[in-house]
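One chain, subunit A, links the two complexes that follow: it is found with subunit B in the first and with subunit C in the second.
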Partner chain A sequence: MLLRCILAENRKLHGAAIWLVFLIVPMLSALYGTFNFLQNLELLDFDWYNLWTQHTLFYTLFFFAPMVGVYAAYLWRLEHLGHNWNLIMSAPVHRSYLFVAKFLVVAKMTLLTQGWVFLLYLAAGKLWARLPGWPPAQIILWLLRGVLGSLGVIAFELLLAMVIRSFAVPVLVGLAGGVSGMLAVSKGLSLLWPFALMQAGMNANRKEDMLGGQHLPFVLACLVWAGIFLAVAALLLRARDVRAE
Partner chain B sequence: MKVFWAEIQKAHRRHDLPVAVGVALIVVLWASASSPTTADELATGYSGLLYTLPIMNAVVMPVGMAALASRIWDAETKGQTCKLLFTLQSRDSLFAAKVALGMLENLLVCALECLALPLLGAFRGFTESVNAGLCVWLVLCTFCVNGMLYFLSFLLSIRVENQVAALAVGFCGALIGLFAAFMPRWFSYLVPFGYYVPLSPVGMNWDSDTRIAEFFVRPLCLPLLAGTVILAAALALLCRRAIRNKEV
Partner chain C sequence: MTNIIETHDLCKIYGSHAAVEHLDLVVPQGSVYGFIGPNGAGKSTTMKMLLGLIHPTQGTVQLLGQPMNDRNRLSILRHTGSLIESPAGYAHLTAQENLQIVADLKQVPRKDIDRVLEIVHLREYRRRKVGQYSLGMRQRLGIAQALLGSPELLILDEPTNGLDPAGIQEMRSLIAEMPSSCGATVLISSHLLSELEMIVDRVGVINNGRLLFQGPLDQLRRHSRGDILLETLDPDRARQVLLANRVRVRDGNSPQCLILPALTDAPLAELVRRLADQGAGVVGVTRRTKTLEEIFLSLTEHGEEVG
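Entry: the complex of A and B
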């Protein structure tokens, strides 16, 4: 049943406008990052790590969380239109599966986004900046850590988009979350705030690994935050009855 | 007036007030975290704030205005109420009421940001005296650029039922606006999303050798402000036309 829910969610993404967001936002970030890198070579070393700091500077701080907000809001918006709530709530599937399926689909989109970010980073480094050699394998690890770090944000944004029947609010909250995450990272509280986890995982704007040896606490924090929001969503779906528009 | 009151009631049910306050709070939260702490920095505290606030606005406001405009029109899209409304009232009155509400929310955002300036200064213990004229200029410019972006997002919300368009343009615009803020001045004039920065009342000279930043008061860029108002007016006319010609 969960698989069918996932397939249904995937089908909703066919031809969806959010693919434009998926393509354009990382592209703008890569353009800006590479340009900034090439303009500041007297301050930065000419290597892949320094290019990474510029590529992730604004993408992870300000634009990743609103982008997840767009993904989440889009998937829930379809249910908020017309009488679709009645339809999905009367579908013969466990109510939690509806949320989990959306969660997995947004997580898949986030993974694809990270892949796209890496491709842009590689292309910008080789073709535009003409950096020697290839990016360190550690970058791929940071990207995957970014996906793990984003699980809490995904679950939170989906929960928000489910409860607040507005497309704009999750996106705006995503932006606020990005700013708050940046502040949490600067105070060394990255494991205690879901919006900071992604930035810590991605090693945003840093050359040295922000997590150091703290991989296990990081993974635990990611799972705990995602688990909390998934549990709240499941509880709300069970407790609240259908509210027809 | 009745139409405007109806819009106020819709806004009340939509909880627009917390959203508008939230937009201002994002900027204030960010500004409060990056406020100066050393004695030298405290002596230029307000100048620093007046320099950084437009940059923060360039990140937050395009998304914030898109969110406000999208919510104001989305109520009609989701409720499929246009057909009913257009039979009960003139299309122009609907447009006017929605613009009045949007500008009121915009004013609230700007006023909160302006109020936060002296509060942040008092909280952080700035030793520099606040320049009221520069604050007024900042608020005026922020209001005008916000208004322009509001009309752009409003236009997209009317034209495209899917609210992804307004929001996506808003935060792609924020990214491009931020990009433009650090480009040569002529380039920043080409990106209306980032007009907050060229209209900023305070500039900064950064000496990379001594690593000392020096703030200076910029001459007021009236032609750019006039250009912003003209652009906002043109977008408002397009919005009005879009509502007038909307098929229901």
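Entry: the complex of A and C
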């Protein structure tokens, strides 16, 4: 039954405007990051790690969480428009699966975004900055950890987009979340704030591994945050009356 | 006859406003049930409660022989198709893709999409984006979504809203055929009785959340006895006689015509005899039959309940 809900959610993304955001926003981030890297070579070493610090500085601070917000807001906007709430809520599937399917689809889009971010990082390093050699394999681990770190934010943004019928709110919250995440990381509170988990996972603006091999607490924190928001969403879907506009 | 829908004492209260009050709806299997009421009467709220989209404040809902609750919800919805408020759909997708989404959710084979597209005459427009559809086409797509999986029960909320006369006619024929072609029971709402009287066999009239009438359409028609038009040679004398007999009188279209309220046969015959005896010169007595629309209006305006 969950698989059917995921199939339906995937189908809604066919030819959707959201793919433009998926393509363009990481390009902006890569442009800023590479430009900044090349302008500050007197302060930075000319290597792949330093290029990563500049790419992630912009990406995690200004783009990553708002993009998740855009994905979440878009998927719920499809239901808010017209009378699609009536359609999905009268379908013979568990109400919570409707939310979980959106959660998994946004997670999939986030994974694809991370892949695109890596390709841009690679292209910027090889073709623009002309860095020697290849990026360290660790970068791929950090990108995957970024997906894991985003799970709590995905669930939170989806919850927000489900309750508040505004496209802008989840995006603005994502923007504020990016900044608050950086502050939480700098205070050593990475595990206590979902937006910080994204940055800690990505090892944003750092050359050394921020998690220092402490992966289990990180994974648990990601799952707990995601679990909390998924549970709240399931409760709301079960208890609230459907209001379609 | 088995009832496909039964509600008992169904209520929905928002703060101090009762949207639906003590509703006992009974829809027999195989019928096309017209749920009639003015805008804001409580039709959509009732239909949403039937589908579990809105939680009743009080009362019970039984669909397809099972109580609508968390345990039975999925098995009931598997056999129910609905179109609530206005047609849903994703504007950036084609009709085919929209139907595939519903087919995925209902676990219906893809080949059923062709069948329903054929029924609603949208087969040749299946690859057109729904955002480019006219309202009529979207309504038909909404019906197609409801028909996927050959449901036993169809709940259609004002499916003719916004359609032109040709579209209304087409939708009416489509719905009227459903019990015979698909074996489905249909609950259909409208704010116009005239729109449904040709296709429904049972009617429920609701206003201000209360069910004012429920029963066969013929029974509603029996309430069609209207005013009486009395034509006399001496209207002044006739007026005196009528007032003496405590009958309210209004002026008619011409000086010789008076309008009397609805009377049953025996009192009317007695009144005519007295008028004749008193020399009023009765020339003609005509019963004015109410149209169904007038009955509906009198029910909803006065809020009277009819058994």
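Following the convention adopted for this analysis, the second predicted complex is superposed on the first by the 244 of 245 C-alpha atoms of A that agree within 3 Å, B and C clash if a C-alpha of one lies under 4 Å from a C-alpha of the other, contacts with A are read in each partner's own complex, and residues count from 1 in each chain.
Here is the rule we go by: contacts are C-beta pairs under 8 Å (C-beta built on N, C-alpha and C of every residue); 3 or more make two chains touch, one makes a residue touch a chain.
Computed from a predicted structure; not experimentally measured.
Student: Under the stated touch criterion, name the partner, subunit B or subunit C, that contacts more residues in subunit A.
Tutor: B
Student: Check the residue A:Phe62 against both partner chains and state whether it touches subunit B (first), subunit C (second), both, or neither.
Tutor: Once the two structures are laid over each other on A, A:Phe62 reaches subunit B alone.
Student: Using the superposition on chain A described above, determine whether A:Leu81 touches subunit B (first), subunit C (second), both, or neither.
Tutor: Both subunit B and subunit C are touched by A:Leu81.
Student: Is A:Leu172 in contact with subunit B, with subunit C, with both, or with neither (first, second, both, neither)?
Tutor: First partner only, subunit B.
Student: Applying the touch criterion given at the start, work out whether A:Ala17 contacts subunit B, subunit C, both or neither, answering first, second, both or neither.
Tutor: Once the two structures are laid over each other on A, A:Ala17 reaches both partners.
Student: Thinking of the overlay built on chain A, is A:Leu28 touched by subunit B (first), by subunit C (second), by both, or by neither?
Tutor: In the superposition, A:Leu28 touches subunit B alone.
Student: Kindly classify A:Thr53 by the partners it touches after superposition: subunit B alone (first), subunit C alone (second), both, or neither?
Tutor: In the superposition, A:Thr53 touches no partner, neither subunit B nor subunit C.
Student: Could you say whether A:Gln214 touches subunit B, subunit C, both of them, or neither, answering first, second, both or neither?
Tutor: A:Gln214 sits against neither subunit B nor subunit C.
Student: Quick one: is A:Ala91 in contact with subunit B, with subunit C, with both, or with neither? Answer first, second, both or neither.
Tutor: A:Ala91 sits against subunit C, while subunit B stays out of touch.
Student: Which subunit A residues come up in both lists, the one for subunit B and the one for subunit C?
Tutor: 16-17, 81
Student: Hey, which residues of subunit C end up touching subunit A in the complex?
Tutor: For subunit C paired with subunit A, touching residues are 48, 51-55, 70, 73-75, 77-78, 80, 82, 84-93, 97, 100-102, 104-107, 145.
Student: Note which residues of subunit A are touching subunit C in the complex, please.
Tutor: On the subunit A side, the touching residues are 1, 4-5, 7-8, 11-12, 14-17, 78, 81-84, 86-94, 238-239, 241-242, 244.
Student: Once bound in the complex, which stretches of subunit A touch subunit B?
Tutor: Listed in rising order, the residues are 16-18, 20-21, 24-25, 28-29, 31-32, 35-36, 42-43, 58, 62-63, 66-67, 70, 73-74, 77, 80-81, 165-169, 171-173, 175-176, 179-180, 183, 186, 245.
Student: So in the complex, the part of subunit B that touches subunit A is made up of which residues?
Tutor: The touching residues are 14, 19, 22-23, 25-26, 29-30, 33, 59-60, 63-64, 66-68, 70-71, 74, 78, 162-168, 170-172, 174-176, 178-179, 182, 208.
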